[in-house]
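My questions will all concern the structure given below.
Labels run A, B, C and D following the written order; every chain starts at residue 1.
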Amino acid sequence: MDFKLTDKPIDGAALMAGLRDTRAGACVAFEGRVRGESGGRAVTALDYEAYAPLAEKEGERILSEAREKFGVTGAVCAHRTGSLALGETAVWVAVAAGHRDAAFKACRYIIDETKARVPIWKREHYADGATEWVSCATRAGTAGGGAGGGKNAG
Amino acid sequence: MDFKLTDKPIDGAALMAGLRDTRAGACVAFEGRVRGESGGRAVTALDYEAYAPLAEKEGERILSEAREKFGVTGAVCAHRTGSLALGETAVWVAVAAGHRDAAFKACRYIIDETKARVPIWKREHYADGATEWVSCATRAGTAGGGAGGGKNAG
Amino acid sequence: MKKNVRVRYFAILREQRGLDEERVATEAATAGELYEELRKRHRFTLPADRLRVAINDDFGSWATAVRDGDALVFLPPVAGG
Amino acid sequence: MKKNVRVRYFAILREQRGLDEERVATEAATAGELYEELRKRHRFTLPADRLRVAINDDFGSWATAVRDGDALVFLPPVAGG
């Protein structure tokens, strides 16, 4: 499994080292971290929740697509679940390829598609005590204590 | 100094960790490694040589340009000098920014400009015993034992 | 004819339903009909056009027929990364 | 009038010259003239249009005047990364 969900801190350096290959001249990594601000509100912590069987399946599909489209020698992604403090690593993508153009494009593809397609949800905790499920606000009801859909971690 | 030349192995994880900042939701890193192949020839090792005072000055300029153009919260680059074995890290760029688009663009800008502008030279050692200064071949003379300008490390 | 299905809830739906998972006996013909039935019953705030549906651990469509024994998940807008 | 300058060599030029650095007494008016003088003397393979020049640790141009005491570096095509 190259796409992993984990409730433990992510060791990004180990993920990158795992991609060593004498064909690979370029390795690009993306690390998403918990930011202290979202949509103008002070954020104090995040929770991630995943629908694991489908998240892993869809994550593996995304990695396969990236390998095929960009001809990379290796691609991995790890995503946290559970409660995260400010500054903690939420997601790590690492890609190795012969040359840098493929590595940059594949890394960007993987994080963009992961954010758009993998069933993982994020609840933000704000300094005023409110919480909110990001992107789940509606006119009829708030997303759980706040209003508006925020954004965090890259 | 955020642009560093070093004759010691580069600790990329430490460079990334040094960019922690609660404003930074995204960190993108590029690692260039010594590949075992260049222009169809088997490579066994590389030497990097730098004109240090100007390399550091130009490297700092590139980092400043990236900070200004892309509004990143931090940017660092380390480049090896001396002899490197296959798979070793030749260069490491790390950028942190509020969001991922700026981090990807700034990281790509820094490695592209570093390769184009910073006075660092690379000599490839081939499996057949020849060596060559990359990009220095001429019709009148070879670049030092081989022919043609090769490419390596991303 | 009633079908017995398993429904799992995540994120905002889990909170609005107040549980992770339940068994539902339903006459809904499609996944879309089942969501409307549950949305009215539990006052879920998200309309179907903001969600996707998964059936037996893979993505399905709202038109997919509901069969006895299916496991369904209604997926709120994702926000990984 | 002769000017005394310091020239440092890197990479392929260092190898072709056989040393890292030398003091040169020259009548060359510009950095470009100095490179041509040294290229002929030492049979450097790279033409000036493949090089850049640095004067006193910053980039200069081939038209820059050579002054007594200058430190010059002729920069072969770079290949970092």
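Assorted remarks:
As a convention for this text, a contact is a pair of C-beta atoms (placed from the backbone, for glycine too) under 8 Å apart; a residue touches a chain by one contact, two chains touch by 3 or more.
A quick note: this is a predicted structure, and the numbers were derived from the prediction, not measured.
Farthest from chain A in terms of Cα centroid separation is D.
Centroids built from CA atoms put chain B at 26 Å from chain A. Between chain C and chain D the centroid-to-centroid distance comes to 74 Å (mean Cα coordinates, whole Å). Centroids of chain A and chain D (each the mean of its C-alpha atoms) stand 50 Å apart.
In chain B, the residues touching two or more other chains are 32, 111, 153-154. Chain contacts: chain D has no residue touching two or more partner chains.
In summary, the structure contains touching chain pairs A-B, A-C, B-D.
Touching chain D in their complex are the following residues of chain B: 32, 48-51, 53-55, 57-58, 79, 90-91, 111, 114-123, 133-136, 138, 140-144, 149, 153-154. Across the complex, chain C meets chain A through its residues 8, 10-12, 14-15, 45-47, 50, 54, 57-59, 73, 75-81. On the side of chain A, the complex with chain B involves touching residues 12-13, 16, 20-37, 86-87, 98-100, 103-104, 107-108, 111, 151-154.
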